[in-house]
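First chain written, first letter: the chains are A, B and C, and each begins at residue 1.
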Amino acid sequence: MTENARETMEFDIVVVGGGPSGLAAAIRLRQLVPQATVCLIEKGSEIGAHILSGAVIEPRALDELLPDWRETGAPLNTPVTEEAMLFLTENRGYTVPLLDRVMPHMRNHGNYIVSLGDVCRWLAGRAEELGVEIYPGFAGADVLVEDGRVVGVVTGDMGIGRDGEPGPNYAPGMELRAKYTLFAEGCRGSLTKRLMAMYNLRKGVDPQTYGLGIKELWEVPAEQHRPGLVQHSFGWPLDDRTYGGAWMYHFGENLVSYGFVVGLDYPNTWLSPFDEMQRLKLHPSFRSTFEGGRRIAYGARALSEGGIQSIPRLTFPGGALIGDTAGFLNVPKIKGTHTAMKSGMLAAEAVAEAMEGGRAEPTSYTARVRQSWLWEELRGVRNIRPAFARFGMKGGALYSGIDAMLLRGRAPWTLRHRHADNEVLESASASPQIAYPKPDGKITFDKLSSVFLSATNHEEDQPVHLKLRNDALWKTVNWDVFRAPESRYCPAGVYEAVDVETAPRLQINAQNCVHCKTCDIKDPAQNIDWCTPEGAGGPNYPGGM
Amino acid sequence: MTVLVFLDHESGVIRQASRSAVTAARALGEVHALVTGDAAVADAAARIDGVAKVLRAAGAAAAHELAEPLAAVIADLAPAYSHIVAASGASGKNVLPRAAALLDVQPIPDVVSIVDADTFVRPIYAGSALATVKSSDAKKVLTVRASSFDPASAEGGAAPIEQVTVPEGPAVSEFVSIALSKSERPELESARVIVSGGRGMQNEENFKLLNPLADRLGAAIGASRAAVDAGFVPNDYQVGQTGKIVAPDLYVAVGISGAIQHLAGMKDSKVIVAINKDPEAPIFQVADYGLVGDLFEILPQVEAALDTAG
Amino acid sequence: MKVLVPVKRVIDFNIKPRVKADGTGVETAGVKMSMNPFDEIAVEEAVRLKEKGIATEVVAVSVGVQQAQDTLRTAMAMGADRAILVLTDVAVEPLGVAKILKALVARESPDLVLLGKQAIDDDMNATGQMLAGLLGWAQGTFASKIEIADGKAAVTREIDGGLETLTLTLPAIVTADLRLNEPRYASLPNIMKARKKPLETIAPADLGVDVTPRLTIVSVAEPPARQQGIKVESAADLVARLRNEAKVI
């Protein structure tokens, strides 16, 4: 059996995932316990390949982790100099006045517009200098558990054929054993999902609620580039029942990061986040920036929007959850990098303490989180996202203004998340259809030419990594009731309903998958299981993304 | 300026690509042709329009266009020439860089356009970009893309033929055998014509309906990723960014919508034909000739038209 | 028998290169780099020769920037025994690389130099042939099969329209084509072990080689976009046009 062929390596700590939280944890561990062996694996082909974010980042956590970052070449080069929040109607954009007062979370003074992928590449370099062993191209495929304690992970097998049989290049996965394993998989981690079930980590907390972020990177003519400008919008083209909005950041050498987030608790099955994102570029408040520019990259990623109500138990024997797989995003700020990094650093401190005391569970992590600015920050904004779910976009905006100006985040109540995102989708017959404009090939594009710009690739000959738990459910639920919502919410064209006039069936183009995890979240019957494909597969986001 | 063009031949017939190299070389100066093989090859070279002189490297050492003796011959002849040119085929690419090394020259392969005597345009990154490069070498060694230059006429010239001697040297390589492929179905990468099917073929059985058309055109058969994913044909049929990148003279896309991954693999084809029932399919944006309709009706009609006209 | 395998770090084959807006080249900053796929095939073949007991040592060489170390580590993870990095920030042309390799051949005395037939960035397809020319060694380019016995290498080559077999007297240069083999994965255990294999760094000047480029890049541009063609009305019309207008059948 393959079990016997597996090689094993022992470390003090294994970190699964090379994003901001995983890298921050690894760096902190080597700072605190220089003799500890720390191994970090990343499913992307290199560090940064799967990192997708706006991104405006707050340097607070970085200041604490690597105070010398300014002198050591960290790629935080464009400070925010100008910002605007727009409320959009179909043809006009209204600037929200007194932004500092009504939306204090949006204040970006002192923050930087960055490529988070580039920041991670830089962090990885620092981590390696500190002695962290980093192995990109290897996915954590399974959790190793012995006597109720997590003792590491198994990396994915390589060279398994489409039929599930080992091919000529078969290389079995490796057991990476560790005293402590930190799961830094990002939103909706596939191993995290198993840990949550195994250790019942979600007991007593609200369901997690998610958003889907879709991003494009543009290079625009110099005269249209306003470095340091941060522009956000809400309103059109989404209806009042759908949470979301757009961002546009000018940074670097004539680069513009444009993106759109849709709350995955949207009810209309006909909604296509991708097409919403495309058509918003045609709005007068955005269009002029893109005229004459060229789109150079595309990608998508889900994010956790539940806030503290939805954060699960963070530790279990042998490890902890860090970053967005636990759900530390600050939604009104639309920032999660500083909180993710902080959570990784706090977990590292807890692990260092547990290791010294010989304890299996780094339990002090939870208390450290609760005593930190991270908790204070997330607690202050806890009611804003659920207010949008409850009162709609306009009501939610009003609530958040009141919350900010009068309550200052100290409301004595906590609004709950009442439903998981997959539960609120309404049937095709009950949902109004949406007519999206055709792509013009200059400012708006189709899905496949977009996916092409994500440089996504998966080894052809491997089992499909998107599995239906029950094949029959697709026809009776997804098709008959909802008319294949996956063909619309998937931003990469993975899911296609084919032969719809004769015998509808689902075609899964797994090769296109950009690893956003939306299908795992939004499938109405939770029938789609996102598993890790062969390591190094997925998008290859370039520098600047 | 005088230019030396190495003309390669297959079974005694000078390749058409080499006649394209003659056209490219004429833009640079008077053309002298270097050939190997028997006298008939030299005679054919002498008749090519635009060739002013033929140099024949005869004898066993020069047979089979082995790189070691041929590069030595070229290096010996080089002082009389400003440029040394060959077609970008397997033979030219085998021999010319070696000759360039003997001359301490950096060769310029795959030239698609000649700007001036020192400056040339060539594709890089598998054609994703075109680089214009200027050489500071006193002598230029180039291979040229046949598809970018019309072949010189095979007839019309009457050049004198001179024998050149092949320098003596230790025979470090030896010809053993040659096996030219005779398969009825050419391989995708080297086919002149490709017929490709997409998901519109509907199933594995229907996919075989492409065979009669491919037979008539002497074409290789390819497929889109959607057709491969759907299991109509094996992986190695796949044309596209993640499959094979092809650039035949004629590419016939049948029931292929034209996903960007597919277009990336065939957009450099000289002529593209698309047959699809959806008039909005992106494939029509790159097709030179589009035919909208039910492929199952159209395929037999095309076959019939080929039979009639042929 | 010692095998020298030169490898090059290039933009990963999955990435579509982007021409810089100023036309000076292709964007490489922050772009994923990997070993040139043809060189991977060469490494695989060398490692197989070692596994068959024909080769005794496989030495990987790269000419390039510091990060080319990663490429050499990959070669060692695949099975190369040690590596040499000739460190330079200059984009060295095939002629310069061939001169560097010639100097290394003098130092290492390999019996076989096995390399990819071309790099997928500049698509030059020249280094192997040029090295063979400089050394006066036999060359077997575009190899789809290699058999070594009695101081000779039988090399099957991919030529226009078929295959050709040559016998080369060793030492010789062989360049790998796509069908020579399917390279193995660099497995995680082997990547870990490769970290401990020796990697030596030297400068071109240490080898006494001048690598000044002979070609200057005047400009780099995107190829012109394909123009949309016409819709034809019938199969007969299509065939007639292919025959008379496009002249492709």
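We take it that a residue touches a chain if its C-beta (ideal position, glycine included) is under 8 Å from a C-beta of that chain, and two chains touch if they have at least 3 such contacts.
None of these values were measured; they are calculated from a predicted model.
S.K.: Taking each chain's centre as the average of its Cα atoms, which is closest to the average over all protein Cα atoms shown?
M.R.: C
S.K.: From subunit A, which chain is the farthest off, judged by mean CA positions?
M.R.: Result for the farthest chain: B.
S.K.: Looking at A-B and A-C, which one has the bigger number of contacting C-beta pairs?
M.R.: A-C
S.K.: List the centre-to-centre spacing of subunit B and subunit C in whole Å, with centres computed as mean CA coordinates.
M.R.: It comes to 21 Å between the two C-alpha centres.
S.K.: Would you mind pulling out the distance in Å between where the CA atoms of subunit A average out and where those of subunit B do?
M.R.: Chain centres of subunit A and subunit B, defined by C-alpha means, are spaced 47 Å apart.
S.K.: Mind checking the centre-to-centre distance between subunit A and subunit C? Centres are C-alpha means, answer in whole Å.
M.R.: 37
S.K.: Considering subunit B alone, which of its residues make contact with at least two other chains?
M.R.: Residues 241-242, 264 of subunit B each touch two or more of the other chains.
S.K.: Would you give the residues of subunit C that are in contact with at least 2 other chains, written as numbers and ranges?
M.R.: 14, 16
S.K.: Considering subunit A alone, which of its residues make contact with at least two other chains?
M.R.: 452, 457
S.K.: Can you list the subunit B residues touching subunit A in their complex?
M.R.: By the definition above, subunit B touches subunit A via 199, 225-226, 228-230, 235, 238, 241-242, 259-261, 264, 282.
S.K.: Within their complex, state which residues of subunit C touch subunit B.
M.R.: 11, 14, 16-17, 19, 26, 93-95, 98, 120-127, 129-134, 136-142, 154, 157-169, 172, 213-223, 226, 228-232, 234-236, 238-243, 246, 248-249
S.K.: Taking the complex as given, what residues does subunit B use to touch subunit C?
M.R.: Per the touch definition, subunit B meets subunit C at residues 10, 15, 64, 66-68, 71, 89-91, 93-102, 104-110, 119, 122-137, 169, 172-181, 190, 193, 217, 241-242, 249-250, 264, 267, 270-273, 279, 284-292, 298, 301-302, 304-306, 308-309.
S.K.: Using the touch rule from the top, collect the residues of subunit C that touch subunit A in their complex.
M.R.: Subunit C residues touching subunit A: 12, 14-16, 18, 21, 27, 29-32, 34, 182-185, 187-189, 191-192, 195.
S.K.: Please give the residue numbers of subunit A that touch subunit B in the complex, ascending.
M.R.: Per the touch definition, subunit A meets subunit B at residues 446, 448-449, 451-452, 457, 460-461, 498, 507, 509, 511.
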